[in-house]
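Order of writing sets the labels: A, B, C, D and E. Residues in every chain begin at 1.
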């Protein structure tokens, strides 16, 4: 596997490489422009033909979206996570549909839940799990699902349920606060 | 003969009760094969009562309302034309010289009414079902006609009473033993007619929700339900008359129809269903070929 | 044609002749769920302490703590109310319950026609699931989300200890402390035990997260002598710890000690920025824990504070009374240094006289007296004025001041409190064969269990049910303690049995010294006669209200002088209260007229 | 005479979400030409509960009641996957016996899912007796679960650090008893279902998969193995104690629904065999290592992808942590996502409408895991 | 052309029967409950065991049907996603009166574990009337059967009038429904 990484490094610019906490997992970060080339190289030359998942992580504090492409090679028995960062203010990227046909549905999901659009994916604007959704894409970190739920769907018991015992105790014990 | 009408009414009610009871027994037996206890045998009566007083808040075309009536009419027609007890003045019903032809007509009539109603209900799934039902009907009608026409030719009569009369005189005079291949073809066609598995693609709840009665509910469904029960009993009686030598008293009629009923139950619980074209192909090969053996034998004779 | 395939399925008919395996519920029989089934909750309402851990771990916010009785120490008075419209039957609450009171039965049927019915307080509301308490999902000793075992504290070996005054308890290493702090579930019940209301869960959390500085600053919010507390506190918080119900409580004291020990120079790390002086002056008599606390926090609030202390060092009883193997001098110095660094003036070796006190009353805007209990209590028996009978408090003071104390070979210490044990252990370290004579049984001893254990480790015998009768001269310059045996009599309506002398029997100890450690009393000779007569007393202590106000205008009092618990943390709490009281008084929010 | 265009001949039809033949709630927009399908469009979202969002606002331990509900019928796979991901990220070693118990639970879970699936595929074709038998017999496995874990469907039994409770007394014998019972029943199932002439006729040659699609689309599990691809996560990347068990990967070469059915049929036998092996070789010892305080448990930043062999194939969890006490992101790879979309779209043209729901059940699409 | 919604345009009138007949029919209704086979949530996982051989709900006349027109009972088995709610209301309105709703599990009562999810409904009784609730997550088949027993009792006593309430308070229910469902037009891929 190290050889593979070396070969990759000789061709592409690897921003960060990291070994996973178990043997057969590697995590590579590449530049977003070279992702297609890397995936294509991995697929054609290095037997990473099984795209298990495309995932998105919202790093709101860095104003970035992380896109992770999880690959598996049946021959090498290795998992490889290739990740890129894209700008959160301009959530756009190009599709990998030409390399992996099942990417269509993963990208559609990310488009719906994170609002990242994938240029070249014909079905990405179709509804995936939501219907008539009008708010911001719900998986973004700044979407408050509890607030939304309470406002929209209500609650049988509107009191705040979690009780802070520590506060009760200090209220009870704070003798000098008593009048 | 005004009293005949009263008797006809009694026969209809009796046939309905018997049909519902058979349905209940079928559910019970099925449950036992499944390894469970099952509902009471009177469950179908309760279902019928409930359906009678359910409200209907849907409106469709006229055919939609008429279809259950057609179905019921077809059933009652079959039941009333087929002599239940041979020689009885009451229970031979409206049997007459050419009743076999009329019965055949009534049998198709019921199905057609059903198809019309289903098509009129506007539900795409129930619209899909009549095409299958009619295709399957085309499937089983062929062996059935071969069987019936073969018998008619063999006994030179188109009256059911005549056919029954021809089979009197001991068990070996029954058509089942006289013309075993015709009977087998007829009985296989009966499986198709009862939409027993593996020929149940018309009423396939898993493939198309429910089938023709998808849109039917409440009173309409109860009419359809009782129509089917009466129709079922009528067909049992018909097949009894055709192949099992009819009956000379009520007990015999019960035993023989129950035996036919058991055949259906026996087969229906252990097979998945064929696709439409598979079913049609099946009907047009095995029972037709089997039936033709006797058919040719009759001609040669 | 597949004949076999057509005929074989027909064999399924054999099932019709086997008995059906339907379970005829619910019409014919009921079926009990498995023994471990997670059904509905039951709560032992008396065992429950209302710590709220179940509500904290519930991911559905199905548990709300509701008030069912008034809070008490170690019991918030709240009990979990469970909303079955939220509960997902995961039983995490059962596994996390620190008392094991919350459990699940294996009942599973609950059908209602109204959606509002699915809320109840287990143990209070009856819904019919309570009867089957024995079966269902119960806490298992092997699986516990809580770590019930305390990280053991390293100590000097008993034989090593008695040779010197080296510190016995060695303190946690960093890893040990983190591991111990990790155990805290943060319920906050310990706050109800702590007289000073320290923010215990917060600073323990900070330790667990590796932020010692944050922890230190949280501690310094209401305790200026944390190292002292970390070493010799009576740790009443630990008795309220919810983990103590099934396992060992979190070592709150040792953790505090760990934090302060990390920093040699507290001034750099404690964010103590005194406000500019506001011109008001507060005089304080006695530099014990109460006095120092009041001085420190008043100074932080911008009041000029001055302390008058008779001894050459600050610390009061923590300096004079507590043996150095428990609380070494450098630790004390470190803290006093910090207190002085914020601008508190301490006048050492300057005992207050009545004249001076009167002057103080005029000079200062408020006076806080915290002179503690410097005098030993007498046994009130014949011959007590014998020169070889000394009071434990005097003995300890002399030892701590570095004076040479002759105590001879054999020493008996009369009493069963912490002071008695300090005295007996100090005597042991001075080379005497010391032992304890106590009126009641060991279980009745007011001293800390830990301390009693320590005497065992150090080979100090404890003789119990001994009632001293008189003191006589003994042979060879020794002294005789004549005593009688006592029997324990439990009287109706009394908390614990009292010792009653068995008449007619007399025994004696022949020893070099008799150390009396049965209690202390205040020394109020520095008060002017007029005030002394006027001041309201509560038996032998000064009576104060909840703001530490005495009956004399401008005079506040605190520490052992006013409270019966007589431990350092209560003194600090008094100091804190006095700060609040003095501040309010000086701002005009509080006055003696309104009192 | 007017010629009918293709559009005129086509009928649009919708299947689901409320459809007795389809497992779970999903709907399909199908285009028919006569009885023959020309295209399909899958719609999900009827079971979307926003698990991944909810997990981001709950503590690590609080996520366990959630994860087991992601794939409803097979909850243990989720728990094991998530627990293993957390253990990997936090560096926790679990006791040996816990691993064996986990494997036992996973196999029991696979077994019950296969039993349920038998009922599903046979019931879809109208063989009502099969689901009645298999779901009824599956209940005995659920009884075992109930006894072991305290829950019938949602076990919340596998937690990071081990399993929640040790086996109850005499549990091994009861497991073996149920296994004996099921083994005794298997010939009956064969006679009724797998050797049934109608069953064979309905399934053979239907939904024929091109073996080259398997890698291209990312098809896994029995569907891939029915195409002769010996891919099984249990062998490829052994987790828990699968490397210590003796078994062979089951493959068939038919590439059609019947081959898939036979793979699953043989998996039942394999599961029973594995359960016997596990019971036989299980060591004694602890089942639980102490976690850090679960209420404040923080896991250092990192990311990982772990997977197990669910009944449907590779079930993966992609977990990202950022050093706080809550996960940053948990993304579940629903096994049947490519099955229900890309594969189905390729299989459908030319299929008879009667075979459609059979094909869906045969591919074992499971909507809760697709939409979470 | 405006689509005709039969339910909305012609509001059903209240039924009135004589007491005795009503009792008799109530008895029949209680003994013959046809459940629509629509599992809306994870609760549907326990419905197959309930209707199959181990627990056999058919003993009580409870059987499943595939079409809402014929069904008497709608089981809300757990949480309702917004997308499902739309279909559930549709299914409920397609069912013929008298009709009953059974709510399974915590999610129907107060949102259950998805109380903070943006896509699941918390209080189902705001949108359709529920006759019987069964607690559990998930309720065991035995508990569901107990729920059915309770429903039967309720029907026999003539108290199961959730469907009447729905007709009487249609405006209220409609208002609640419209708060969530903005677009009543069901997409063309299903009804």
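By definition in this document, a residue touches a chain if its C-beta (ideal position, glycine included) is under 8 Å from a C-beta of that chain, and two chains touch if they have at least 3 such contacts.
Source: prediction; values computed, not measured.
S.K.: Spell out the chains that contact chain D while also contacting chain E.
M.R.: Common contact partners of chain D and chain E, which must touch each of the two, are A, B, C.
S.K.: Can you name the chain whose C-alpha mean lies closest to the mean of all the C-alpha atoms?
M.R.: Chain nearest the centroid of all protein C-alpha atoms: D.
S.K.: Taking the mean of the C-alpha atoms as each chain's centre, how many Å separate chain B from chain D?
M.R.: 43
S.K.: Could you tell me the distance, in whole angstrom, between the mean C-alpha positions of chain B and chain C?
M.R.: 89
S.K.: Using Cα averages as centroids, what's the distance between chain C and chain E in whole Å?
M.R.: 58
S.K.: Where the CA atoms of chain A average out and where those of chain E average out, how many Å apart are those spots?
M.R.: 38
S.K.: Which residues of chain E are in contact with two or more other chains?
M.R.: As it turns out, chain E has residues touching two or more other chains at 52-56, 59-60, 66, 83, 109-111, 113, 115-120, 123, 137, 140, 187.
S.K.: Name the residues of chain B that each touch 2 or more other chains.
M.R.: Answer for chain B, listing residues that touch two or more other chains: 31, 33-37, 205-206, 209, 269-271.
S.K.: I need the residues of chain C touching at least two other chains; which ones are they?
M.R.: Within chain C, the residues that touch at least two other chains are 1, 9, 12, 15, 20-22, 24, 33, 56, 59-62, 83, 85-86, 88-89, 115, 186.
S.K.: Spell out all pairs of chains that touch, sorted by label.
M.R.: A-C, A-D, A-E, B-C, B-D, B-E, C-D, C-E, D-E
S.K.: Using the touch definition up top, name the residues of chain C that touch chain D in the complex.
M.R.: 1-2, 4-6, 8-9, 11-12, 15, 21, 33-38, 53, 56-60, 88-92, 95-96, 104, 137, 140, 142-143, 145-147, 182-186, 205, 208-209
S.K.: Quick one: in the complex, what on chain B touches chain D?
M.R.: Per the touch definition, chain B meets chain D at residues 30, 33-36, 124-125, 128, 131, 197-198, 200-201, 204-209, 269-278.
S.K.: Can you list the chain D residues touching chain C in their complex?
M.R.: 58-59, 61-66, 129, 133, 136, 143, 146-151, 154, 156, 164-166, 168, 188, 191-193, 195-201, 286-288, 290-296, 298
S.K.: Considering only the defined contacts, which chain C positions touch chain A in the complex?
M.R.: Listed in rising order, the residues are 50-52, 55-56, 61-66, 71, 76-78, 83, 85-86, 115-116, 119, 186-189, 191-192, 197, 201, 546-547, 576-577, 580-581.
S.K.: Which residues, counting only chain A, touch chain D once they are in their complex?
M.R.: 20-22, 24-25, 27, 49-53, 55-58, 66, 68, 70, 74, 77, 79, 81, 100-102, 104-106, 127-131, 138-139, 141, 143, 145-146
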